[in-house]
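Every chain is named by a letter (A, B and C) in the order it is written, and numbering of its residues begins at 1.
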């Protein structure tokens, strides 16, 4: 491995980063953060210059704004997440046609071949979560997800900044990217530190022309830069043992207090990089000769989500909020051996009325 | 052509026999060599309508049995199938009744309404197994909705099979009342194993009574019904507490599910 | 199958959704018999409708009678659009002094009711198709559903879900613009938020809309209770049963 380059680190200037970008562009569809309508969104990009270098997202509960800042990777994660690419919000699973008195099925697979460029630690962890949900912890692995995910090249970036909604130090998912990437970038004063996390990442890194060997001091600088991000986040609650504490609070009075503020609008679940729930619709043409089976994002806040015999088991908004929070922090651990929350804070930012899940968790476990 | 690998791929089988059970309820024998076990279910597909999870009511030489009540779009269309028509489905899914646990002990089956479809097969298997004593209680809301009347004579001759109706009928000579009345009268050993399937309130009432009669919830198993779309633990609709009813169930040991099943809106 | 399309107090915009079906309209006309549709044809046959679409609100005594006779002649009655479903923009007057409104519009004497009401205030409605105007996708869905005996798959969830599926950025959070999305039913394809504008609520309220929570939450956007009420009253759906009491 050492010889192939995994584990070795290099220092790149902007030209080196561009070289890397073009090399990846030769083989992949590049998905990276991009400035769009005053926010940063993961989008397909054509050049490195499209990345929102020098912009800084300012986030508070129910609030988002962009400022300017000195440097390149000055922002955190984009508004949307990689879920949008690996578990598309609307995906045709198969087309069904009537033929010879029977049915003919055509399974439709989407095209992937992604390189996710500039993935932060929280979203990297979200990839691991989705991998487990759809494939590794699923006895019927989802071939659609797998088709999009397999072979995806991941370039991670260490965060050197955090918004006031970030809480990855609480969930233990960041700000340092630890696993699940091919290459890792940390922006230092004199350039970009690149580390390989996989063999193919190492091979690519070795083959770059514009690079020089990184020294011990660069790795120290990396630690310092990560600490800059860490210092911006407080620890909100102890994640260790949280499921058990929450299981004891199923009847907390606080759920009803949340109902007074919650719109049940589904925004939190849709913004979440790990919320995977979906519905399957049947789309027909007028003559009903053809039908498409379409998978669309759904939400436990939807009014018909848990409907049995035309009656939704979760009538009240507080029961839906409880389902969401309990699933994310407690049920998820039982189901997939890890927490469903990656500490990105998207649900806090994108809640139109600014409900802060960190506060709700704290209150539920404190007040009971 | 079916491309390998999609968890939503469907299988095809012929309806080889069709039995009208009652108003809006039909039983289908579908030709297949697929293996399945009592307690499992299939996702039946109706073209242009979608899928519905339906328990496998029984299995014979080269066919499986499904009993379908027309309550929604999918089931209404499936119920229009005729003998010789093709039916599409995927499965089997879900866990199975733990029949071995009842070997050498008393096995009590309790079913309400269409829940009989979920206990029928395991009852048939239990008849051939070393269960010491076999009881089967079945509650139906009325005479018109009795399921599988053509099997009762055989069942009654081989095991203690009792029916209770929600309301009386001129042709009905048997009991009228609630299924709990039948349980009340039973002498049961403490290690009796119970399998039940029926509407949620029925299951809750039966368990309460059984516990009073000294039966431990570890020995009670309930087959639950929840909204299912994918049946493979990914769509999230059927969750109850940390469980996916589609793959961790549909059968749950009662002491493990009680916390979530008995609490409102979980 | 005999189909009727009827107009009450409205702008005719929802009826245009039938023409929006374009080539599918031709196919549809072979599959069903459109027997009554004043906007489309001079040859109309009244009575025994299997499927009726009603556009517009009930605003006059004559309309009160007419909607009842349409109901009696129809097996399946569909209210199309905000006017038929909620009373329409003209129901804004329901919250005003009627004599003032009346005298500012009419000089002479006209038979106009003090209130513009949804047709469900008078007759039983089998299905509501939301929107101002409705979109052709929903209309097609109704035809498919009725012709092939299945329930129509029309959204009951809030616009936010559709907006997020579309990949839009929330206009409330990113641009601090008031948006009725969280209390409005989906179906329009999140048209306004896709152009960085707040939702007007033309598809009408979701079931049990969280109005108090919305009002409290939007106060920081400078949207007081009266402003929110104003927005909802002018949403074309202000007189919807889910909103009336709160407004």
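To be clear about the criterion, a residue touches a chain if its C-beta (ideal position, glycine included) is under 8 Å from a C-beta of that chain, and two chains touch if they have at least 3 such contacts.
Small disclaimer: the values here were computed from a predicted structure and weren't measured.
Counting C-beta pairs in contact across A-B and across B-C shows that the higher total falls to A-B.
At the centre of the protein atoms shown, by the Cα-centroid criterion, sits A. Our note on geometry: chain A versus chain C, Cα centroid distance of 37 Å, whole angstroms. Centre to centre, using the average C-alpha position, chain A and chain B are separated by 40 Å.
Chain C has its Cα centroid 43 Å from the Cα centroid of chain B. For chain B, the set of residues touching two or more other chains reads 48-49.
Shared interface positions of chain A, defined as residues touching 2 or more other chains, are 281-282, 284, 288, 298. Under the contact definition stated at the top, the residues of chain C that touch 2 or more other chains are 148. Those residues of chain A lying in contact with chain C across their complex are 36-39, 41, 62-65, 79-80, 84, 89-90, 260-267, 270-271, 281-282, 284-288, 296-299, 302-304, 317, 349-354. Partner chain B is touched in their complex by these residues of chain A: 93-94, 96, 98, 101-107, 109, 133-134, 138-144, 250-251, 276-282, 284, 288, 291, 293, 298, 300, 305-309, 313-316, 319, 322-323, 326-327, 330-331, 334-335.
Interface residues of chain B, counted against chain A in their complex, comprise 1-3, 5-10, 12, 47-51, 71, 86, 88, 225-227, 229-230, 232-237, 239, 241-242, 244, 247, 259, 263-266. Against chain A, in their complex, chain C makes its touches with residues 24, 27-28, 31, 140, 143-144, 147-148, 153, 156-158, 160-161, 164-167, 169-170, 172-176, 179, 181-183, 196, 206-207, 210, 212-214, 216-218, 220. Per the touch definition, chain C reaches chain B in the complex via residues 148-151.
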